[in-house]
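In what comes next, chain A is part of two complexes: it sits with chain B in the first one and with chain C in the second one.
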Partner chain A sequence: MKSRKKWSQHLYKTPQDRPISATSSLSDNVDYLQRSCFYTDDLITRNLPYNNNKAMILYLVSLSDVEKIQKAIVEPLLLLKNCSVEEAVPVNFKKTNNLVEAEFALNAGQCLLVSEGSETIYIIDTYIPVKRAIEEPGNEQVIRGSHEGFVEHMQTNLHMIRKRINHPNFTVRQFIVGRLTNTKISVLYINKLAKDELIEEIERRIRSISSDSIQTPGFIEEFIEDTPFSPFPQVLNTERPDRVAANLLDGKAAILMEGSPTVLIAPATFFSLYQSPDDYNTRSLVGSFFRLIRLASFIIAILVPAFYISLISFHYEVIPIDMIFSVKSGLTNVPFPPLIEAAFMQITLELLKEAGIRLPRPIAPTIGIVGGLVIGNAVVQANLVSNIMIVVVAITAISSFVVPSNEMSTVLRILGFPFMIAAATFGFIGIVFALMLLLMHLCKLESFGSPYFAPFAPINWKDIKDTIIRVPRWKMNTRPKDAHPSIEKNEYYSREWKNNDKQK
Partner chain B sequence: MINKNDTITPLQSSLLIVQSQVGVGILSLPYSVHAIAKQDAWLSTFLAGFIVNGFIWLIILLAKRFPSQSLFQYTPQLFGKWVGNSLSLMYIIYFILVGSLILTLYLNVIYKWVFDETPIWATLLLMVLISIYLAKEPLRVIARFHGFVTVLILGLIGMVAYSYITIDIRYILPVGQSGILNIFKGSKEAAISFLGYELLLVVFPCILNGRKSALKAATYANLFVTLLYGFVVFTSLIVFSPIEIELVPEPILYMLKAFSSRVVDRIDLLLLSIWMVCVTTSYVTYIYLGGKGIQTLFSLKKQSTAVIIAAFLTYWIPLFLQGEVKIAAFSKYVSNISYIFTIGIPVLLLLISLVFHRKSKEQSL
Partner chain C sequence: MKITCIVLVLLLLAGCWDQRLLKNARLIYSVAIDLKDDGKLFSSVTIRSVQESGGGQGGSVPVNDYLSATGNTPRQMRQNMDSKLSGEFEASKNRMILLGEKLSYQDIYPILDIFYRDPKSSLGASVAIVDGKADEITRMKQKDEVLIGEYVFTLLKSGERDTYIPKQNVQTICPILFDPGRDLALPYIYKSHSEIPTVGIKGLALMENHQYSGVYLNKTESSLMLLMSNQKGKIARFTKKVKPSEKNRISQYITIDVLDEKAKLQIQKTASGKIRVHVPLQLKVEAIEYPIDHLIDKKTVLALNKKLSGILTKDANRTLNKMQKANSDTLGIGRELMAYHPDLWNKTDWEKDYPEIDLSAKVTVNIVDHGIIN
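Take a look at the complex of A and B:
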C-alpha cells in the first residue's frame, strides 16, 4: 500500500495534487501555465484587454471551439465596457485560484481567462466534442426494434439512455481514472432499484483503479472483474442503448467510458449473454424458440466435434449399424487421427474468420472463394480431412456464431479444443469429465456477488422465465433475482382488461 | 463459526443430500439386494428408505442441539479435547474410507464397461483432480453444482423407463415370498446405497433456517431417493427373470444394452455418463466432509489444503485394491462401520447431550 501511494504521487501531476495558488501578476500566471504545458504549439494565448485592464485568454486550439471563444468571450468583453466577466460572458464558467486546476481544465478543452491584478482565473467552457452520427452497431444488429447504437461521445450516449428511462431515480456517477489519460467514466444505475451493495462494490472497484491509462472499456473490465482467468466474460459488453436500459431496469449498473461506444453492464450472468433485444420484439413463442436454438448452439458448439472424435476413436458401437459404413468409408483414406483432423479444420476456420475481419472490403470476397471452394472441397479430395469432419466443423462454426455476444462466441470455439482433447484421450468419460469441469467452473463464477450461472445454479424456477425460454411480458411479474434488485415486482396486472371483459 | 456468506437454502440442501445419496451403488443395487431378499428386493428397498429416514430424524435431533456448529466443532465441547478430537479423527477416517470405496467401485465399473487398457492411476487421477476443483469451494458452490446436475437424474429415470417395453410382472409374484426376515436383511444391504445423509452432521449449520426446514428438506430428499431406488429395483426385477438377475451385477446397464434405437446404439453408455456425474457428486461430498474435518481438527486456514489432503488419502486405497474378492470385502467392511458412524455415534452423542444438558451456547465460540 505504501509503495503504491508513493508511485502515484511522484510520477505525474494529477488534478488532486497540492494546489498552487495564482498570483496577482498576469505574466507570472501565464508564464506558469505555458511552462506547465511545455510551450506546446497548439496552446493559443491572446491579449484581451477589457475594462482598461490587461488580460489574456489561453486555450488549446485542438480541443476548443474557436468560434465559440470568438462569439462568447472575445466579442462581449471587447464590446461591453464597464461590465464584469460574470455579466459579459454568456457561457458556463467556473472561477478558481488554483493553477493546477486551471492547468487541467486547459487540457480538457476549456478556455482560461487570466487578468492583471487578480488572482481569480476564469475557466470558461469551450470544449467542442467531435462525434460521428448515430448508427446501428455492426456487431449487434436486430431485425425489429431500435436501430440506435452508442457513439464515442459520452454525453450523446447518456442522452440515448436517459430518453429511454425518464425518471428522477436514474443516476449518473462520474469518475476520472487513468493518471495520463484522465478518462471520464460514468456509472449508471436506477437508485432504489439497484441494490446499494452492488453500486458500492462497483464504485469501490473503480476507485481502486490506479493506472496510467484507460484506453478501452476492456481495461476497466479487466480491472474490476471477479475472476480474470476465466474464459467467460463476467461483464456484459454492448453497444445498444435499449439493451443497457433493459438491464438497468433489472437493477444492474452500466459503466460508460468517454471515447468508446462499448458499455459495460454488471453483474452479468451466463444467460444474459444469450438475450437479444430481438427476443422481446417477436411473439413469445418465437422468442422462446430462438432462445432454445441459442442454448442448443452452446451445446453443439462445445460438444459436437468432441462427440464425433470420441465416437470414431473409442465408441464405434454407439453409431447405428446403418450409418457405420458411410462413416467408415469416409475415414478409410484419411491418414490422420481424428483429433488432428478436427484441430486442423478448426484452426483453418479461425484463420478464415480472422482474415475476413482484417481484409479490406474490396478484396473480401476472395476469402469466400478460398474458404468455400478451395478448403471445403479440395481438402476432402486430397484426403486430408474426412467428409463428415467437414460437416461437423461447419455445424460447430455456425452454432458458435449464433450467440448474441461476440466474446461468448469466441469463448465457445476456444472451449471446443479442450473438449476435443478430452474426447481423444478418454472418450465419453473424458467428455463427461470436461463437461463437469465446465459446469463446476460456471457454478463457481460470481460476478459482483451474483452467481453467474443463475437461475440454474442455484436453481430458481421463477427466473427461468427469461432465460432458456421467454414467457410473455405479462407473465414476467418479477425481476430476475440475479442482480438482487431492491424492488422485485415490475409488472402488476396489465391484462386486467380481459377480466373486466368477462364480467360484463 | 459458520461464515454467514456460506448458507444454502433448504431446497439446495435437499438436492445436496439427493446427490450425495445417489451414487455409485445405484447400478448394482438390484443385484445386491436381490441376492438376499430375492423377489421382494423392492420391498426391502422401500423399507430401507423408511429406516434411513429414522436415522435422518435422529441426526437432525442431535444437530438441532448445536445449531451453529458442525460435528467437528461440538464433539470437543461434549467430551473434552482429547476424546472429542479423536472422535473427530474417526469421522474423518470414515469419510475418507467411504470416499475411497466410491472410487474403488467406480473404477470397477469403468474397467468392466468402458476401458480396460487405460492405466488405473490416470483414470483415478482424473476423477480426483476434478473433484478437488469443486470440493475446495464453499458449500454454496458445491450445492449449486449438485443442484444443477440433479436434472440428470430425470434423464436416468427416463432411460430406465425405456425398458418397460419388455416387462413381466409375474416375476415378482407372489409378493412377500422371501419372508419378513429376509426382507429386513435385504434392507440392510440396500441401506448402504442410501449413505450420504450423514453429511447433515457437518453441514446442518449452513442450512438457512435449519432448525425448522432441515428435517423437511432431508425427508423430501430421502423420499425422492427411496422412490428412485424403489423404481430402479422394481424395474430390474420385472425385466429380468429371477435366474437372470443373479448373473448380472449391473442390471440397469444390461437391460439398456439390449435395446438399440435408430439414432443411438448402446444407451447404456449414455446412462453410464449420467451415473459418472452422480458418482462424482457423492465423492465430492465425502472429500468435502473429510476436508472440513481435517480443517477444523488441525485448525488449517485454507479449506483447499485440507480437501487436497483428504482427496490424496482416498487416492491410494483403490490403487492397491484389485480383484472382486478384495473389493467385496472392503465394501462389506465399510458398510458395517457405516452403521456406527451414521447412527451409533450420533445416538450416543444425543443421549449424552440430553443427559448432561449440553447444548451449544449461541454466543460461544
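Take a look at the complex of A and C:
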C-alpha cells in the first residue's frame, strides 16, 4: 500500500500537483512552459504585441485549430487597439495564474496567451477534434431503427445520447484517468432515477484506478468489474446510442471514454446481453420470438456438442433406431475419440473465424474457399471427422453468433469446451454436473450490487416481461428491478383511448 | 501447479474406461431363440451393419450379418456369441425377440429375464412366437430388398395398426405375465415354405400363464378379441358374406371398417353359484366395400346390421370358446372380478374355474357410414 502511494505520487506530473504561480515576467513564464514540454517541436510560440504590450501565444500545432487562432485571437488583438483581451477575443477562454494548469491546458490543445507584466495566463479554447462520420456500428447492426453508432469523439457521443434524453436530470460526470494518457471519461446517468448507491459505487471504483494509461474501455472494464475471472462479461459493451439510452432509462449508468466508440453500461445482467434494439423496433410477438430463439441459441451453443459426444460414447441407446445406423456408419472410419474429433472441429472453426477478422481485405476470399473446403467436404472424405460432427459444430457456431453481444458469443464457444470434456468423461451425468456448476456461478455472480442472473435468481416473475420474452410496451408498467431504479413506474395506461372509443 | 496437473490428468484420463463407443458396437436388430432337441437353447441374431459401396460419398448399403450360438441360458448364449463377433455385442437397440414354438411351450419368463435385469436393454422390442423354428426367419437375412429384422418389425407394427395384435413390447408384457387375473396374447407369425418364402402374421398365440397354450386365434378372432377388450388399433376391418344369394361372388361380401367400439364385461353370479360373464360389443362401422350398394335405404341397412351382428356374434363366441379352451384369460376377466367382485374372486380358483365359466358375447353392428358414394 505504502509503495503504491509513493509510486503514484512521484512519477509523473498531474494537473492536481501543487500549483506553480506564474510570474510577471513574460520570458520566465514562456521559458517555463517551453521547458515543461521539453521544447517539443510542435509547440508554436508567436509574439503578439497588443495594447503596446509585449505578449506571446503558445499552442500545439498538432491539436489546435490554426485558422481559429488566426481569426479569433491574432486578428482581433492586432486590429483592435486599446481594449482588453476579454473584449477582443470572441471564443471561450479561461484565466489562470497556475503554470501547471496552463501546461496541461496547452497539452489539451488550448492556446495560451501570456503577456508581459501580468501574472494572468489566458487559456483560449482552440482545440480542434478530428472526427469521423457517424456510421452504423459494424458489429451491432439492426434491421430497423436508428442506424447511428458512436464515434471516437466523446462530445459527439454525448450529443447522440443527450438528444435521445432531453431532460435536466440527465447528468454527465467527467473524470480524468491515466497519469500519462490523461484520458477523459464520463459517467452518464439520469439523476433521481439511477440509484445513488450505484453511481457512488461506480465513481468510487473509477477514482481508485491508478494506472499510467487507459487505452481502451476494456481497461476500465477490467479495473471496475466485480469478478474478473468469471467467463461472463459483467459490463455491457455497446456502440449504439439507442441501446445506451434505453439502459440509462432503466436506471443504469454508462461510461464513455474519449477516443473509443465503445460505451460501457453497468450494471449488466445476463439477459441484458441478450437484448437488442431490434426487439423494440419490431412488434412484441416478433420480438418475443427472437428473444426465445436467442435463449435457445445459448442452450444449443453450450450443450449440443457435449450432448452429441455423450450420445455416441455413452448413451447410444437413446438415439432413435431410424437414426442410429446413419450415425454409426459415419463414425465407423473415424480414428479419433469423439472428444478429440469435436475439439478439432471447434478449434478449426475458431481459427477460421480469427483468420477471417485479421486477414487483409483483398485476400479475405481465400479464407472462405479454404475454410469451406476444409470444414465442408475434405475433412469428412479424409475420415478425420464424421459428417454428423460437422453438422453439430456448424449448428453450435451459428447459434453462438446469434447473441447480440460479441463477448458473450465468444464466451459461449469457450464454455462449450468444459462441457465437452465433462460429457466425454461422465456422459449425461457430466453434463448435468457442469450445468449445475454453471448455474451456481451465474446465481452467485453480481454486477455492481445487482444480481447477474436476475430475474431468475432471485426469481421475479414480473421482470420476465422483458427478458426471455418481450411483452408489448404498454404492459411494461414498471422498470426491471435488476438495477434497483429509484423510480419504479415507467408507463401507466397509455392505451386509455381504447376505453374512450367504447364509450362513444 | 501439481494440483492442476493432477486435476487435469484425472479429468482427461478418467472415465475413458467406461466409455461405450458407438463406433465399436455391433448393434443387434433381432434375436431368435429356439429350443434344441437336447434341451439346450439355440439363438440366432441379425446384426445390422453398413457396407460402404465404393466412392464413399453417401452410397452405403445396410446389410444383415447372421450369427448364432447355443447355450444353457440366454446370457451364456450372448457370451458365446460375443466370442464369435468382432466389436462389442450390443443388444440395447434390439427391436424384436422371436421365440420358437417349441421353446414357448416352456415358461418364457426365464428367457426375458436378462432384458429386464439390464438397464441398457431395449424395452421397446416386440416379442412374437414363431410357428416352427424362429431361426428360420432370422436365417433369411433379407426378405426381398428389406432386411429381415426391419421386415418383421414393420410387419408387427402394421399388425398393431390393423388390430391383429395388441400394442405391446418387452416392457408392457411384464406386468401381464405376473398378473393372476389376466393372460398374455403374443403375436403368432409364420414363415411359408413356398417357392417365394414369405413371413406373415397368423394371429395371436394365447398364453396360459407363462407358456404357450398351443391354441391361437386367427386374424378375425384376434381382431374381435382386441375389440372386446377395447384395444382397437387404427383400422379394424372385417369382410363377411352377407348375400349368399348373389351370383357374382364378389357381391356376396361386404367389407366394414370399425369406426368405434364399445365393450363392457358384465359379470353376474347365477343362482347355482356359477360365474356368468357376458360381453356386449357395440360397433359403429363404415361400409367400405359393398358392390350391391343401396346403403342409403334404411331397410337395407337395418337388414345388413342384423345379418352382420349375427355373423360377428357367432365369431365372437367362437373366439371366447377358444380362449376358454386355452385357459387364457386375455380379456382380463379375472382382474375385473378382483376389482368389482372380490368375494367371488376369493372363492374361485381362477386357473381351474376359468374354462368352466359361462362366457358369451353379443355383437351389435351399426352401419353409420358408407363412404362418399350413395
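One rule holds for everything that comes next: the second predicted complex is superposed on the first by the 502 of 504 C-alpha atoms of A that agree within 3 Å, B and C clash if a C-alpha of one lies under 4 Å from a C-alpha of the other, contacts with A are read in each partner's own complex, and residues count from 1 in each chain.
The working rule: contacts are C-beta pairs under 8 Å (C-beta built on N, C-alpha and C of every residue); 3 or more make two chains touch, one makes a residue touch a chain.
Quantities reported herein were computed from a predicted structural model and do not represent experimental measurements.
Contacts of A:Lys328 after superposition on the shared chain: chain C is touched, whereas chain B is not.
Of the two partner chains, chain B is the only one that A:Met440 touches; chain C does not reach it.
Using the contact criterion defined above for the overlaid structures, shared-chain residue A:Glu317 touches chain B and also reaches chain C.
In the superposition on chain A, A:Phe428 makes contact with chain B only, not with chain C.
In the superposition on chain A, contact of A:Pro337 is made with chain C only, not with chain B.
When the shared chain is aligned, chain C comes close enough to touch A:Gln381, but chain B does not.
Chain A uses residues 317, 319, 321, 426, 430 to touch chain B in one structure and chain C in the other. By the touch rule above, chain A contacts chain B in their complex via residues 315, 317-321, 426-433, 436-437, 439-441, 443-444, 451, 453, 456-459.
Those residues of chain C whose C-beta lies close enough to touch chain A in the complex are 11-12, 14-16, 18-23, 25, 27, 48, 50, 52, 56-57, 60, 62, 92-93, 95, 120, 122.
Within the complex formed with chain A, the chain B residues making contact are 9, 11-12, 15, 110, 114-115, 118, 123, 126-127, 130, 133-134, 137, 140-141, 143-145, 147-149, 260-266, 269, 272-273, 276-277, 280. Chain A contributes residues 311-314, 316-317, 319, 321, 324-325, 327-329, 331-332, 334, 337-338, 381, 421, 424-426, 430 to its touches with chain C in the complex.
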